[in-house]
Amino acid sequence: MTLTDSQQLAYANAQAADGRVNVELETDDGMVLNMGPQHPATHGTLRLIARLDGEQVTSADVMCGYMHRGYEKLCEVRTYPQVTTLVNRIDWLGSFANEVPFILAAEQLMEVEAPPRAKWIRTLLFELSRIANISLFIGDLALQLGAQTPAFLAFRDREFVLNQIESVTGGRFHPNFDRIGGLKDDLPKGWIADTKAAMVRLREFCDLMEGLVYGNEIFQTRTRGIGIIPAKVAESYGLSGANLRGSGVDWDLRRDANIGLAYDELDWKVWTHPDGDCFARCWVRLQEVREATKIVDQLCDGMPGGAIMAKVPRIIKVPEGEAYVATENPLGAMGYYVVSRGDIGPFRVKIRSASFNNISIAPWLLKGVYVPDIIAILASLYFILGDIDR
Amino acid sequence: MPRPALKIPGLFKGLKITMGIFLQTMFPKRGIRTLMPAPTLGAVTVQYPYKSAPEVPAARARGVIALKEENCTVCMLCSRSCPDWCIYIEGHKTKAPPRRPGGKERTVSALDRFDIDYALCMYCGICVEVCPFDALFWSPEFEYSEPKLADLLHDMDRLGEWMETVPDFETYEAGSDAKVRKVPR
Amino acid sequence: MASVLALDWGNYWQQSIFRVLGSAVFIILGAGTFVIAFLFKMMSYMQSRLGPMEAGPHGTLQLVAEVGKFLQKEDLVPERADARLFKLAPYVVLASTFLLAVVMPFGPDAYFVNLDTGVFLALGLSSISVIGILVAGWASANKYSLIGGLRAAGQLIAYELPMVLAVVGVVIQAGTLNLQGIVAAQHSGQIFGWDGIGNPFVLTQLVGFVVFLIATQAELAQTPFDMPIAESEIVTGYMTEYSGMRFLLFFIAEFATAAVFSALAATLFLGGWAIPFVDLDDNVMNVVGPLVLVTKMMIVGTLIFWARFTFPRFREDQLQSFAWKFLIPISLVNILATMVLKVAF
């Protein structure tokens, strides 16, 4: 029996397709699983190319850049207030925290210092953005590991913080409140009492998450002993924030390199965990939220009176110079290197974002783990795509 | 390798928490009516647009920008400082009568066109902040979505209508040096 | 009415059509009730929100809206997928659920078939769905589906054993494989000589009940055993490429299987359609029996879905070691204890 041409072609195609699949399944490198830019697990458009041998990863590549918005180029052609607006959107969950290092760098160049009340309110909003960011992290962590309920509870309880941010700045997500020399406006009446009430709710939320998520044996078997980063490796890859503290390194820019915020006048603690596994990093973040609520309480209690803005001209021209300021943002260490040529806008802004360095350890860390562990590890490293790609 | 040992309180604590939230949502009423299910009361969901939460949005919420036409001197500061260039201003100079009889005639600017394109607006508030003449104000109104994109361009009259929804500036917290400004009505 | 339900009327074909239609009604109603009560409402209230509220009063007609939505979707078959197998897979899974529903008794004369090996048939039929899931995973020509299908194969086969072994304890205690006989044994049994409420096996076979529930959770691929679906990792696992009506079939199959397994658990452990103080042969039980069974189904369903909405998921190797190294030994010990105690007392 002879086959027609189209039948022969179809047969050859089918054999070729089978051959491709078989080659993939039989090579040493294994099957390529593309956890592509659109995926429920990655916090945005991250592409992870994993070579699998069965369910184990032999090698993993991280490809970011799908969300690159050209921030550094944009900043070259914007004035300082406009850059402050844009910069809110880098780490969109803890937005106020993005403005702070930029404004501090510009204040350093202008040699102007914000009055104490502005410093304290700046620190307050900084910590509120940390709480907002990391409470969502805890909910999302549980969601990525399979539990659907904690995510909704996180969103529910985060509303209190967002409402507080909104009543003082006008925006829940993009406050755009920091200005060179101080802040845009002062606190409305009753805000301090409301914020302290919100902190009580947030502490209850932390206890809730500890009972529902961290105390759960299934969660612990999924995260303990997974993705261990030794302290030396963490330091060499440039990790920062809770990823570093979860490996036992006692490093916090709020304490060690405090410029322009009120941390040295407060009584607070840096949390570390010696294990270096996923559970350690997640646990450190939970403790950071608790600590942040305590810091906010202290700030509310001891708020100094006074002006909200230093004496700065109306149209701000920052004198020539370069300044680099890094602060301990919710995601890690975020720094701005501002080069000024005496204009109303910066000449060049280099943004050192925390997640870009945090994600760089992923290829090293993901070797030899199972596919579900990829998710657990990426969740515990906690990156936000806007922060990676800018 | 899990060893679900004989003590498994963590799992049960989690179960208790979710059941607690479930019962809290189902039966929020207290007192004599405890066992009446009332989930619409117990859940945090507000069934917008049938109901709305009274305290939302805050007074300072950046909902829409209102224009007080009489105060505008067509200085173009807002239009220049907008990061999106979404404010379109056109004006012309006219002569106004002198303040005192026998004095010189004054040149004043009059607004022809003041449009804000809310399809582009980033709601950053730089325009409101830089206006030296108190002509722009924030209003917490947010229900102005349109089926057509072009209708999101609010012209001078519409921006003037938003002035009615602008709330008075709030008093400040104790210890503040700032003075409460007045909204020109 | 009893004679109608006892199926001593009509010829073979009429009886078969009645069985098929009745089973379909049970499946659809069961799945629908479970979806509305647990997925839409209980899950929402546990997350402090309201769930669907627009379609119908308090969102009770949301299912109708969803069915309409799925029906009007485009019928997609991926280009490189094995089209025949791809289209066949949902029906295989649904078929096993249908057949399972046929053996369920609802009253003394209200049943579709009354087999002497009812339990055996039920457990055997539940394994057919594994084939459907595997076929779906392979035929989708999608690596995520493939991973999901392979995980499902390992998991579902591993958890068949604890389920069977848990039921063996019940069978030993009841002395029969017939489901009506098991209901009768619970109704007329005695707890240490007191026959007030009969002897629902949940009391004496508590270990078996717990193991059965855990194994059911795994058979249904619900969290904490939902590795085959694992939404945050492999999108929807073996169901990734399915959309529209085919996805609806999988969805119905998932919840209908949950309903049927809950009914099975209620029959085996909670006493089935019987209630303590009413006679087994009483004709009123033909009407009240189904309602009693549905109530008990909802209780078991509450337990299953309560665990689903609370826990994160196991990794599949942890899953497997949990089954092989923990559940199976415990259920074997349970069987031993049951045998010893049955002979002793």
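Labels for the chains are A, B and C, by order of writing; each one numbers its residues from 1.
Going forward, contacts are C-beta pairs under 8 Å (C-beta built on N, C-alpha and C of every residue); 3 or more make two chains touch, one makes a residue touch a chain.
Owing to the predicted nature of the structure, the values given are computational and were not obtained by experimental measurement.
J.: Tell me which has more C-beta contacts between its two chains, A-B or A-C.
T.: Pair with more contacting C-beta pairs, A-B versus A-C: A-B.
J.: Which chain wins if you rank chains by how close their C-alpha centre is to the centre of all protein C-alpha atoms?
T.: Checking distances from each chain centre to the full centroid gives A.
J.: Per the centroid of Cα atoms for each chain, what is the distance between chain B and chain C, given in Å?
T.: Centres of chain B and chain C (C-alpha means) sit 51 Å apart.
J.: Measure off the straight-line distance from the CA centroid of chain A to the CA centroid of chain B, and report it in whole Å.
T.: Chain centroid spacing, chain A to chain B, equals 27 Å.
J.: Just curious, how far off is chain C from chain A if you go by their C-alpha centres, in Å?
T.: Here chain A and chain C have centroids separated by 43 Å.
J.: Residues of chain B that touch two or more other chains: which are they?
T.: 2, 4, 11, 14, 17-18, 21, 44
J.: Chain C: which residues touch two or more other chains?
T.: In chain C, the residues touching two or more other chains are 46-49, 309-311, 314, 317-318.
J.: Counting only residues that touch at least 2 other chains, which ones in chain A make the list?
T.: 149, 153, 156, 212-213, 216, 218, 221
J.: So in the complex, the part of chain B that touches chain A is made up of which residues?
T.: It is residues 2, 4, 8-11, 13-14, 17-18, 21, 44, 55-62, 81, 83, 122-126, 129-130, 138, 170-178 of chain B that touch chain A.
J.: Give every residue of chain C touching chain A within the complex, in rising order.
T.: Within the complex, chain C contacts chain A at residues 43, 46-49, 80, 143-144, 147, 151, 223-224, 226-227, 230-235, 309-318.
J.: Could you list, by residue number, the parts of chain A that touch chain C in their complex?
T.: For chain A paired with chain C, touching residues are 17, 31-34, 39-41, 55, 142-149, 152-153, 156, 212-213, 216, 218-219, 221-222, 370-375.
J.: Quick one: in the complex, what on chain B touches chain C?
T.: 1-4, 11, 14-15, 17-19, 21-22, 24-26, 39-40, 42-45, 47
J.: Name, in rising order, each residue of chain A that touches chain B in their complex.
T.: Interface residues on chain A, with respect to chain B: 78-79, 81-82, 85-86, 117, 149, 153, 156, 159, 163, 166-171, 174, 176, 184-192, 208, 211-213, 215-218, 220-221, 303-308.
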